[in-house]
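One structure is given below, encoded as structure tokens.
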Amino acid sequence: MNVTVWNENRHEQKNEKVREIYPEGIHGEIAQVLDKEGFNVRTATLEEDEHGLTDEVLNSTDVLLWWGHLAHDEVSDDVVEKVKQRVLDGMGLIVLHSGHFSKIFKSLMGTTCDLKWREADEKERMWVVDPSHPIVEGIGEYIELEKEEMYGEHFDIPKPDELVLISWFEGGEVFRSGCTYRRGQGKIFYFRPGHETYPTYHHKEIQRVLVNGVKWANPIHHPKPEYGNAKPIETISAKNL
Amino acid sequence: MNVTVWNENRHEQKNEKVREIYPEGIHGEIAQVLDKEGFNVRTATLEEDEHGLTDEVLNSTDVLLWWGHLAHDEVSDDVVEKVKQRVLDGMGLIVLHSGHFSKIFKSLMGTTCDLKWREADEKERMWVVDPSHPIVEGIGEYIELEKEEMYGEHFDIPKPDELVLISWFEGGEVFRSGCTYRRGQGKIFYFRPGHETYPTYHHKEIQRVLVNGVKWANPIHHPKPEYGNAKPIETISAKNL
Amino acid sequence: MNVTVWNENRHEQKNEKVREIYPEGIHGEIAQVLDKEGFNVRTATLEEDEHGLTDEVLNSTDVLLWWGHLAHDEVSDDVVEKVKQRVLDGMGLIVLHSGHFSKIFKSLMGTTCDLKWREADEKERMWVVDPSHPIVEGIGEYIELEKEEMYGEHFDIPKPDELVLISWFEGGEVFRSGCTYRRGQGKIFYFRPGHETYPTYHHKEIQRVLVNGVKWANPIHHPKPEYGNAKPIETISAKNL
Amino acid sequence: MNVTVWNENRHEQKNEKVREIYPEGIHGEIAQVLDKEGFNVRTATLEEDEHGLTDEVLNSTDVLLWWGHLAHDEVSDDVVEKVKQRVLDGMGLIVLHSGHFSKIFKSLMGTTCDLKWREADEKERMWVVDPSHPIVEGIGEYIELEKEEMYGEHFDIPKPDELVLISWFEGGEVFRSGCTYRRGQGKIFYFRPGHETYPTYHHKEIQRVLVNGVKWANPIHHPKPEYGNAKPIETISAKNL
């Protein structure tokens, strides 16, 4: 299984605090976590040619993870279109945290994907509301993060196909933090936590959800449906009228 | 309740057969049906300035119906963006037949909206699969259309929030023909039948579904949610650390 | 529109505090709220013959509201079966608060409907997560209740057809507080708040949700589907082999 | 992975035609198919003590398949209750064909599960409507069965969590033939075809769906949620008032 971790990798360049938490970048940390599970992992970042998402990389990627924040607008529309086509053709996509505002997520959702937010070092508790879902295998009743950025409802997304996690925030808000969607032949998982100034991706249960998410989003082998003009399979009586 | 019926109105110009069936255009026929129900109805067509969908028209429209086929690409991106914003702000949208490939529908769905199709004068039978839904109020177990264009699965749409009607076609295909979605504060209803060379919109039960759909899609009175930076409602302890 | 408000009416007999808050009983209070909206309202309680839910009452009820807690087991299985049949035949059902453990709700859900709970005079804030839904018409971004009983996840229910409200609780939990389901031809709305020792049903926005819920759950006019052995509508070729 | 195939095994005793098609019974055929895939497979039938579903068998079953028709009423309520509890605790359940009317399925659905039916040697074509779903891995656009019993809409089930397959029937009906549900911690898959007088379970693609379904329904490792009275995780201010 081939996994590509994409990161805009800007906070890491600008902010020493982020570098301290993630010396190899957020993408480096996540890649390491997935690598230990035996996935074949690559990373790609905004600054690379075609943002590191060449046709060759995309065509050989089973699941793509996406972290972006400061530079959503700098992602080329051509690359976004190619990523979208790959998702519709079956590639799994895991959108992380501030990726809610990425071009690729908004384009696949069809809504603004807007939300409330606040940086206040506050506690987040993500409750499992679907204890049958493979994405929360091995997780307890909730995941607690001592300090995280708050994201609050209303989260302007389509109704999730599956709602797996709901967050409680110390400041009084709630949020649909683990949501799955299917678009075309591809599976999409939005996973809320992961603000760059907190060690969220070092958290064991967060790592477990990422690993589970990648497994869940793995494409199945299914022929691409045929679209367009189709001959009748059965006899149509009116044709002979 | 203010309803606007939009039609590209091209087949009516080009094809005498279509003109015979719909002397006032497809938009004219649908407008008449809705007018009888007491809605305040306007029409708008591609050839008008801003396709007849000026800010004033859009801002005073509660539910918009959309029929297009030949000229999807001629619809201005600006108008599409405005219509989309109005839907997200609450305007109902009813997408008819070949409108599955309209810019507005594809943009709200996030998928290709592709499908199989065939023009073969074949029989369609739309079965009600949700007999509790207001969109099928007054309809029997199924609606039968003696001759229609076939649309067949796979229909590349997101999973409908509600699946109300499934079509059987003489040639051997099935299709999810009545699908609802919510995007932002707006309700969307996709309704399959309505090929221009058949008198589908003269059919009493088809008319009933259109009327029901308009009522269902009527926006509710609800303040637009506030997005962006939000002050905590409760005290956050870590702030004082 | 005929509405019946059912209440076990036990706390009101036993607990002076409850009587002070609801001198006419919880059913009396809710009936008054609905009566003001112009519905034709009746009440029924556990102690009445057939719990007040005779065939005549049920057959002329469009929407039934259900509040129970102490005496779920005293509700006769026969009455539960009749109520269930009426729901499947189209009667709306609004299940309130501790009604989550009623026989009728568990039977329609197929799960235990279990949850966490706590009586600690704590704050509840119910966030609107579907701002397009008629059940929250006229409601702001959230409803705040200064003191309520806590219900916490995991709530063992089937995935709601529509999730409208999510609660935040001061003690650290979240809860899916406004959930809709369709069963047969009937619409069901589960609405969490309403502990007997708090004046929750005097709260204007709670009342508004009840009124909206009743309107939403109103049955549509649709013939009961025909079940059982069915003659073919089309010719089956193999019959002649 | 431990799989148990349950069959009432009555048609096989009564009808020579069924015995010819399934000399080892329907359960024997399905067990063989699953055994080849490397699952640890047992069978159980109505006539055995506790219908072969002792506590020991149930507690060591990961996924249970269920075929019943003539003798739904002979299945003991105690056994049904135990099977239900096991599903809610995580055991997968695959309900086959006429199992739609089994006590266990109706109890988990909360509806009548009624439908139209006809035995007329007619053609069925099951279309894949969710080409991303693991249950249809390796399947083409549709599965065609030359002769099957017809099941037609309206099928009185709750809205499926996932709708994977829709059937077209020669006689003019459609049917939601592949439906998934989650109840408690358990996953449920209803799969329509499998009338006893046709060799449906010998069909390679039907076998593939069964195998896929078993894999999909495999329980995850997740602690049983805690229900009942819960201490606050956070400080509740009102407690000190």
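First chain written, first letter: the chains are A, B, C and D, and each begins at residue 1.
Throughout what follows, a contact is a pair of C-beta atoms (placed from the backbone, for glycine too) under 8 Å apart; a residue touches a chain by one contact, two chains touch by 3 or more.
Small disclaimer: the values here were computed from a predicted structure and weren't measured.
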Q) When the contacting C-beta pairs are counted for A-C and for B-C, which pair yields the higher total? A) B-C
Q.
Between the options A-D, B-D or A-B, which interface matches C-D on more than half of its contact pairs by residue number?
A. A-B
Q) So how far apart, in whole Å, are chain A and chain C when each is placed at the average of its C-alpha atoms? A) 36
Q) CA centre of chain B versus CA centre of chain C: separation in Å? A) 32
Q: Provide the list of chain B residues touching at least two other chains, using ranges where the numbers run on.
A: 125, 128, 130-131, 141, 152-154, 159, 161-162, 170, 172-173, 182, 184, 225-226, 233-234
Q: In the complex, go through chain D and note every residue touching chain B.
A: 125, 127-131, 141, 152-155, 159, 162-163, 166-169, 172-174, 176
(Q) List the residues on chain A that touch chain B in their complex, please. (A) 88, 107-112, 114-118, 120-123, 146-147, 150, 152-154, 156, 158-159, 161, 170-173, 181-184, 225-234, 236-239, 241
Q) Which residues, counting only chain B, touch chain C once they are in their complex? A) 90, 125, 128, 130-134, 136-141, 161-162, 170, 182, 184-187, 219-226, 233-234
